[in-house]
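There are structures below to look over.
Shared between the two complexes below is subunit A, which has subunit B as its partner in the first and subunit C in the second.
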Partner chain A sequence: MTKILLRDRLDDCISRWHAAGLDVIGPVSKNNISQFDTIQKAGELDFGIILPDRTLKDLFFPQTEPMFRYRIGKQQIDTEEYLPPGRQRIVFGARPCDVSAMAIDDPLFGWDYKDTYWFKRRTETVIVTIACTSADEFCMCTSLKLAPDSPQGSDILLRPLEGNRGWLVEELTERGRDAFSLIEGLLENATGDPLPLAVVPVKFDLDACREWLQNPENFESHFWKEISMRCIGCGTCTFLCPTCHCFDFQDEGDTYTGIRRKNWDSCSFALFTMHTSGHNPRSTQSARWRQRIMHKFNYFPGKFSLNSCSGCGRCTRECPVDMGITETLQEITKLSK
Partner chain B sequence: MSIQEQYRKRAAELLASGEVKIIIGYGAGSTPDRRRALFIRSADDASLLHVDAACDANLSGYLVSEGLLSDRKKVGIFLRPEGIRSVNILAAESQLDPLQIVIIGFNVENGSLAALQGSGVNDFSSLISTLKESRSTPEEQALIEKIEGMTPEERFAFWQAEFSKCIKCYACRQVCPMCYCKRCIVDNNQPQWVHTSSHTLGNFEWNLVRAFHLSGRCVECGGCDRACPVNIPLRLINRRMAQEVLDAFDHFSGMSHTQEPVLASFKKDDPETFIL
Partner chain C sequence: MTDNTQNGQQNIYKPAIMKVVQKRDEAPGVKTLRLEFQDPAEHERFKEHYRTGMFGLYGIFGEGESTFCVASPETRKEYIECTFRQSGRVTSSLASAEIGDLVTYRGPYGNRFPIEEFYGKNLLFIAGGIALPPTRSVIWSCLDQRDKFGKVTIVYGARTVADLVYKHELEEWQNRSDIELVLTVDPGGESPDWQHRIGFVPSVLEEAAPSPDNCVAVLCGPPVMIKFTLISLGKLGFNEKNVYTTLENRMKCGVGKCGRCNVGSVYICKEGPVFTAAEVSRMPAGDL
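Our next item is the complex of A and B:
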């Protein structure tokens, strides 16, 4: 016997989670944008969208975050550390690509230095993922060897049932079981037929791409210039990528007092690798685009045995000049044949 | 022959005769309704060019890509009237020599494509004058009026809600033909004039700086508005500032390649209504 969560019980579940002190967060469409937001009622959730415009990483790695306040005195430097607010949270209705992306970034944030901010939020958050039953033309989880029901990173996986009535529940982790024990009694012991998963065609040959990227001869290939000529070097594809994780430190204030913040940064920006001397080792947009691809599909897998991409498709969906990693990897697949 | 066929032929001729070294146009995009910038160097590739109502990008920004014009050779480019105005401004601001630019002009009126006659910027002066006299009323007129009718507090709240969405991706800047500065003021850190952090205050600062720097220079091509990944209605700011310079200085940006930049020039009879 499997468990079923009925949609019309969701408000009761939310009340139980609230009563247990959890913030409930989910995809919300408001003010002409869809993103993860704290909710009070199930009605605020937008289950109609395939994927929110903004990613799940916003919840773990916000675009700007204060780290500490400093005051430089004559004798000493005083600092006051800021940490994330420390609320227990449950995210309801994330998608497998976004959630896999969090699992992809875990080893990165825990590699030589354990990122306090990332892991504090990770351990305080339960993620309930809903498998995808529809996809758009940009979705490409399958090209990354993931699937519309990939479990990576999820604590609970829900499979939508016929007629929008609810979801089949798969408890994947201890944390997920704990959160769902809070709604014991609201779940039905029944089985049902889950809706068929979204059909997501494979768009490129990942292994062939990796091989091509690993070949040192291709580093200086003219291909990089051709493919990136129209790239305008904005931060859209990195900031809206759930796995992109680069950041910059900025001190806000004057010489003696201020706040040090951790802000998103992007390898697409000319300033990203600019040295104090004025020399820039990645002085052209093509070198920057190559870095983005190399990092995701060559260096990152080399280090962590994972691709730094979960196939959400946002980099193509949102690029102002219709670029994106899909086209590049499709072209590389052709080159490698 | 369709306009697209005529224009492919013209592009092929320009390349085959050696008059231009490259054509900057539009090609097919990743979906049937998307068009993307396409750079063509051989007449054989002219068949890849598309011209239709979906070609909405203002491609003129690519003209000032580093090194493109430095060999003095000519470049062909597909432009809508706004793009032609951008070329005029770039010329007026000494960023390019208009004689190097061969314009393949087109317009989209009520969803249908129209060819524009001419190839040098001066060939389009009367068209641009007409545009000044008949500034189209944007679909958002109702929203603009609503915002104008707000109290300062309400208007502040409206923009606060919009700017709090900004992620400082700078797509609005990167896509804009007028944002060619080698180092944008927000990228300066000695001293740091503008907060780099993308909190609401920093986002306000960024969008205000941009609105002022684009006043009298923006041609309302809509590029930034379409590029913004979080859907901030930047067109409303552009429209307001364009109206402002039109009312105060009778300035319609990009009228000619010798037009004086309105906020960087001085006339004895300039109105001083805003100087306290």
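Our next item is the complex of A and C:
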């Protein structure tokens, strides 16, 4: 016997979670952009979409966040630390690719030095993932050896049932079980047929690509110039990438008081690596695109045994010049044959 | 996560507050600040972790942080010295800090020169221009335990006589009988009373011809100088494995997260900044 969460019980579940002091967060449409935000009622959730426009990383690594407030006096500097608000949260209805991406970034943010902000939010959040039963032409999780029902990073995995009536519940972690014990009694003990998973064709050969990228001869290949010729360096692919984690610090304020912030940055920008001397190790857009591909599919897996890509496809879906990781890796697959 | 890797820090991005206790003009636009910790616990943490070659992020709230080496040696941990050229927003505001002013520091980060492995060996230090500070940290770390090393040779060059940094220490090294100091300036950079060499570091090094036998070289300088000096060291018979250098890239976090300082797969902030020439030659040249 398995547990089933019926869709018409969702409002009761949300009330129970609220009563237990949890914030409930899910995909909603705001200003015509689908994104994760706190909800009060199940009706606010946007289940119609394949994948929200904005990624789940917004919840753990926001576009901008204050780190410290500083006050400079004659004899002392006072700093006040801003930490994430410290509220327990449950995310309902994330997609497996987005959730995998959070698990991918954990070893990076914990690499010897633990990023306070990332891990505070990670430990305060329970993630309830819904397996995908539809995909679009940009989805490519299977190419990354993931799947429309990958459990990586999820606390609970839900599989949609026939007739849109609810979900089969798979409890994956202790944290997930704790959160779902709060809705004990609202779940049905029953069986049901889950909808077939989305069919996502494999688009490139990941192993062949890695091998090609590891070959030092290909670092200076003319391929990089050709494939990135139309890149305008806007950074959209990095900002909408769930695993992209690069950031910058900026101080906002005047000489005496202000806030130090951590902001998203992007390897697509020339200033990202520019030395004070004027020397720039990655001075061309092709060098920057090469860095992006190398980092995701060669350097990162070399360090953390994970690809820094979970196949959400946003980089290609949202690219203003119709480039993206998919095309690059398809071309590399061809080159490696 | 052990305290050791985290350097005992709770929030890894929170800087320590430092007081400027000394300020020196080294060369036009180049200044040295000597900084003292205000929080004894942070000072203890620094003393526990700092080894020569490591770097830090120096800053002023409201302006930002900049990455430079710790220019003072690991044998003198009561303070931190940093030497920098005034060129951007942060370095300009650091340059205008006066004695008694407060600045910020994060670190020490990165790896180090393995000077225990240099015990009993001859040392050859080669530096160009503003790259003497990282070299000077190693030099003093060794000179403060002089009896553990063999012959010490220092080759230092700058564009002009005015651009030589640590002039007072150059004079001190000049007067020591246990150091061979070779000073040079680029052709045209000499002053009327200049009594040392004129020429670029690689050719001056070849003329000085230090023996590669039982010798470790520490080389710091601008990329073009490093490139040609490595060729000269090769001619003199030095093995790439016995030549150490530091790489310096733009950094924001200093702890392997912000994503900009890597050369190929190597993160300068975590796996560097100290590398052997053999390690550098394995990095993709197009990323340096």
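We adopt the following convention: the second predicted complex is superposed on the first by the 337 of 337 C-alpha atoms of A that agree within 3 Å, B and C clash if a C-alpha of one lies under 4 Å from a C-alpha of the other, contacts with A are read in each partner's own complex, and residues count from 1 in each chain.
As a working rule, contacts are C-beta pairs under 8 Å (C-beta built on N, C-alpha and C of every residue); 3 or more make two chains touch, one makes a residue touch a chain.
This one's a predicted model, so the numbers in the text were calculated from it and none came from an experiment.
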{"item": "Side-by-side fit of subunit B and subunit C on subunit A, or clash", "value": "fit"}
{"item": "Touched partner set for A:322, first subunit B, second subunit C, both or neither", "value": "first"}
{"item": "Touched partner set for A:208, first subunit B, second subunit C, both or neither", "value": "neither"}
{"item": "Subunit B versus subunit C as contact partner of A:32, first or second or both or neither", "value": "first"}
{"item": "First (subunit B), second (subunit C), both or neither touched by A:49", "value": "neither"}
{"item": "Chain touching more of subunit A, residue-wise (subunit B, subunit C)", "value": "C"}
{"item": "Partner chain in contact with A:250 - subunit B first, subunit C second, else both or neither", "value": "both"}
{"item": "Contacts of A:236 with subunit B and subunit C, given as first, second, both or neither", "value": "first"}
{"item": "Touched partner set for A:20, first subunit B, second subunit C, both or neither", "value": "neither"}
{"item": "Touched partner set for A:6, first subunit B, second subunit C, both or neither", "value": "neither"}
{"item": "Shortest CA-CA distance in Å separating subunit B from subunit C in the superposed model", "value": "5"}
{"item": "Subunit B and subunit C footprints on subunit A, overlapping residues", "value": "248, 250"}
{"item": "Footprint of subunit A on subunit B - complex, ascending", "value": "29-31, 34-39, 57, 61-62, 161-162, 165, 167-171, 173-175, 187, 195-199, 202, 223, 226-227, 229-231"}
{"item": "Interface residues, subunit A side, partner subunit C - complex", "value": "67-68, 70, 72, 76-77, 79, 81, 108-116, 216, 219-220, 245-251, 253-256, 258, 260, 262, 265, 267, 272-277, 279, 281-282, 287, 291, 294-295, 298-299, 302-303"}
{"item": "Touch list for subunit C against partner subunit A, complex", "value": "1, 5-7, 9-14, 17, 38, 61-66, 85, 87-88, 91, 102, 104, 222-223, 248-250, 252-253, 255-265, 270, 284, 286-288"}
{"item": "Complex contacts: residues of subunit A adjacent to subunit B", "value": "31-33, 53-54, 63-64, 137-138, 229-230, 232-236, 239-240, 248, 250, 252, 261, 263-264, 266, 269, 271, 316, 318, 320-324, 326-327"}
